[in-house]
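So, here's a batch of structures to check.
Paired with subunit B in one complex and with subunit C in the other, subunit A is shared by the two complexes that follow.
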Partner chain A sequence: MSLIAKNLSVTYGTGSGRELVALDDINFEIARGEFVTIIGPSGCGKSTLLHCLGGMLKPSSGVVTLDEEPIRGPDARRAAFVFQDYTLLPWRQVLQNAVLGLRFDGVPKAKANAKGEEMLALVGLSDFREAYPRELSGGMQQRVAIARAMCMEPGILLMDEPFGALDEQTRRQLGFEMARMLSERDSTVVMVTHSLDEAIMWADRILVMSARPGRIAKEIRVTAPRPRTHDYIATEEFAALRSELFTLLDQDNVSDLAESVDR
Partner chain B sequence: MSAPAVATQSLSRKASRNPTGQRPPRRSAVIALRVGACVLFFGGWLYLQGPGDMSPVILPNLEKVFLELGRFLTTGQVYQAALVTLGEILGALAIAATLGFAVGFWGARKNLRSGVLEPLLIWGYLVPTILFYPLFLLWLGFGTSSKIGYAAVSAFFPIAYNCLRAYQRVEPRYIQVGRAFGASARQLDWQIKFRGGLPLAAAGLKLGAAQAIVSVIVAEMLASSQGLGFLIQLYAQSFRIPSLYAIIVIVLVVVGILHVAVKLLLREDAPVEAR
Partner chain C sequence: MTTTDQSPARPDDRGQPVVASTPGIVRRWHSLTLRSQSRLVLVLVLVLVALVWEIASRTGLLNAQFVSRPTAIVASIPELLASETVRAAVIATVAGVLVAAVYGTVIGIVLGYVMGFFAIIRAAFFGPALFLLSVPKSIFIPIFLVFFGLNRETAIFYGAFSGFIYVIVNVVAGFDLIREQDLRIAKAFGAKIHHRILDIVFPATLPGVFAGIWYGVKGGLQGILIFEFFVSVGGLGALITQYSNELRTDRVFALTLGMAIFAIALGAIWTAIERRLAKWRPQN
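After this line comes the complex of A and B, so read on.
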């Protein structure tokens, strides 16, 4: 299996009649079981790219293919999303949110609920199965969204800053849990993140994006075998990668700033 | 952001988050204040009719009002009138809710439709529909159907308008989630859009219910031979002030029951999200 983006471009028409090139000629290939992280400055098109990969957004030009089949629309069994913003349905309890995709798919209630319970346990929210989203903190809601995606046992997991609202501690704990499970299942993962450590820690490959137009500035391969343990953070390889990423993103931010001052 | 330690959270959800920082009031305090208000009300009444020397045409003897009320409640006539009025209100509301919801939901699906419908519905909402009551009398006669027809039209506009608004602006995020997780067109309609717009649509239904109640009673007062509105008008014209007050009390009770019924019907287990 491989997920391929070929000459992918997305142009948004803005209200004022101007056009905004969010993605410009993106090309890459992701192999089965690969864990790819995407990092880049805010507004560079990371979410846009992820939406294209999952069939939620039709690119202005270019194609996304999975095993040579072009992706024409969303399918949560093929690729399930963890969206960036809070997207739990406020009128459904936590468990009912987690099993949303299964229920839409016609999985019987008992079976779906069992699966939902399992995934809630994974994200540490079993006690909250009957709570409503408004009763949860932002990070807890995001964990339910992760459970909702995992319930689908998707071939590809598309995560948009899934740990953004979590504290360092929970983030790491949940990250290790998930990384272990994902590598056991040989899941393919594409994860957008703002955290340098996260980008390196879980990834087989890091796609570094630059802003306006959104391009892939660099691909960095992380060769250490997965799943990795805490010790990896202390290695020289990690430190070298981290400083490389830091420099890349710093340059990009500077050029980004200069551009916005120009206007 | 609070730091939720995985798996060790307790289930205590007692503290309620209130954006204004106010605590919810204590129940005993609420009850005490309500009792106090009643005492003040009836005390004031008794004072005005006694030492206050208020004309009994404006403020009848409290005792007489209660005697009348007792008489009404022990004879059948008033129940029959209340039943007529209640039936008209519920009939009108059922028609208005069905049509209003259908028009709102259908209209919100296409921008063209909502663009055409919205100003019309606002117009219908703002125009005093009482203007058209004489027409309803001509079309549907003096009996209950003219009341139902007229009240249904008045209640239709707030319901349709609010449904239209509700279904125009269902959070795109929720629709996005529905699509991403494989909702069929029908599931998207009912489990996401319908449910997502429900709080605002329910608010419209409450307005519609209020509108239907007022319309039916006013319509009965203007032209009819039965119903609570008719009795109000009858006793007012014949200067039977204590009876008039007693009927008003009964109307208040009927309205209160309707209000509670609507509230129970639209009980929200998950109020509009706070985020």
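After this line comes the complex of A and C, so read on.
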């Protein structure tokens, strides 16, 4: 299996009639079981790219293919989303939210609920299965959204800052849990993150994006075998990667600033 | 400064705080919730108004013939309850209100959803519906009389009409409560059209529908009563008009009070149902 983005461009029409090039000529290939992280300044088109990969957004030009088949629309079994705003349906309890995709897919209730319970246990929310989203914190809601995506046992998991609303501790713990599980299942993952550590820690490959127009500025391979333990953070390789990323993003921010001052 | 009010409460020998200088009634008042306090104020004001009314009417300050008095109103209740005419009128009006409310809300909900689902129909009819909402419905009474004649059914149709406009507008407004991100989730997780309707559209529009039903019932009640006031088709409205002409002010007040209690009871029942069905919503 391989997920390929070829000459991918997305142009948004803005309210003022101007056009905004969100993605410009993106090319990459992701192999089965690969864990790819995407990092880049805010507004550089990370979410846009992820939406294209999952068939939620039709690119203005170029194509996304999975095993040579062009992706024309969303299919949660093929690629399941954890959206940046992790929306849960407010009128459904946690478990019902988690099994939403299974229900839509026609999976019998008992089977769906069993799967849902399993995934809620994974994200540590078994005790909240009957709670309504308004009773949960932002981070807890985000974990339900992760469980909802995992329930689909997707070929590819597309995650847009899945740990964004979590504290460092939970973030790391959940991250390790998930990374372990995802490696065990040989899941393919594309994860957008703002955290340098996260981008390096889980990834086989890091795509660094630059802003306006959104391009892949650099691809960085992380060769250490996965899943990695805490010890990896202390290695020289980690430190070197971190400093490289830092410099890349810093330059990008500077050019970003310069651009906004120009206008 | 040596007043006990200023010094912090300190335990006395029995371990009780010393707040002896505050009178009991004031302490009781402060221990009440804001809600009970406001209720108490309301009751006090009502009692006061009734008292002034009673005295003014007894001393001849106000003409008792026209304004009656609280004791006379209360005294008129048993004879009203016993009267066959009153009972028939109440049954006719209440039944009329319920039938009109059912017609009004069912038609209103169906048309509201049609408007919500089909943008073109909404664009065509929402403007006129808003216009109808803003004009006094009673100007249409002559039209109803011409079309349906001088009978009780016409009152029901008019009541249904008065309600259904509110229902439509509220149901359509409910569609604006559908969040784009919920539709995005539905799309991403492969919702079929019936899932989208059952899982997203219905729950999201429910608050609008609930508001609509309530306004439909209220509109039905208002419509029927107004129709009965203006056109002699029987019912409680006609009876109130009749008593008013006969200067039985006590009975007019008693019946009006009865209708108000009926309306308040409907509202309370409705709130309870709504709270049960919308558990997921944050309680304000």
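We adopt the following convention: the second predicted complex is superposed on the first by the 262 of 263 C-alpha atoms of A that agree within 3 Å, B and C clash if a C-alpha of one lies under 4 Å from a C-alpha of the other, contacts with A are read in each partner's own complex, and residues count from 1 in each chain.
Throughout what follows, contacts are C-beta pairs under 8 Å (C-beta built on N, C-alpha and C of every residue); 3 or more make two chains touch, one makes a residue touch a chain.
As the structure is a prediction and not an experimental result, all values here were calculated from the model.
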| item | value |
| --- | --- |
| Side-by-side fit of subunit B and subunit C on subunit A, or clash | clash |
| Touching partner for A:G139 - first (subunit B), second (subunit C), both, neither | first |
| Which of subunit B and subunit C A:D127 touches, first, second, both or neither | first |
| More subunit A residues in contact - subunit B or subunit C | B |
| Partner chain in contact with A:A165 - subunit B first, subunit C second, else both or neither | first |
| Partner chain in contact with A:F81 - subunit B first, subunit C second, else both or neither | both |
| Touching partner for A:T235 - first (subunit B), second (subunit C), both, neither | neither |
| Touching partner for A:Q173 - first (subunit B), second (subunit C), both, neither | first |
| Subunit C-contacting residues of subunit A that also contact subunit B | 54, 56, 74-77, 80-81, 83, 85, 87, 89-92, 100-101, 104-105, 132-134, 148, 152 |
| Residue ranges of subunit B in contact with subunit A within the complex | 1-7, 9-11, 13, 173-174, 176-184, 187, 191-192, 195-196, 198, 269-275 |
| For the subunit A and subunit B complex, residues of the former touching the latter | 54, 56, 74-77, 80-81, 83, 85-87, 89-92, 100-101, 104-105, 123-124, 126-128, 131-135, 137-140, 148, 152, 165-167, 169-170, 173-174 |
| Contact set on subunit C toward subunit A in their complex | 179, 181-182, 184-192, 195, 199-200, 203-204, 206, 278-282 |
| Subunit A to subunit C touching residues, read off their complex | 54, 56, 74-77, 80-81, 83, 85, 87, 89-92, 100-101, 103-105, 132-134, 148, 152 |
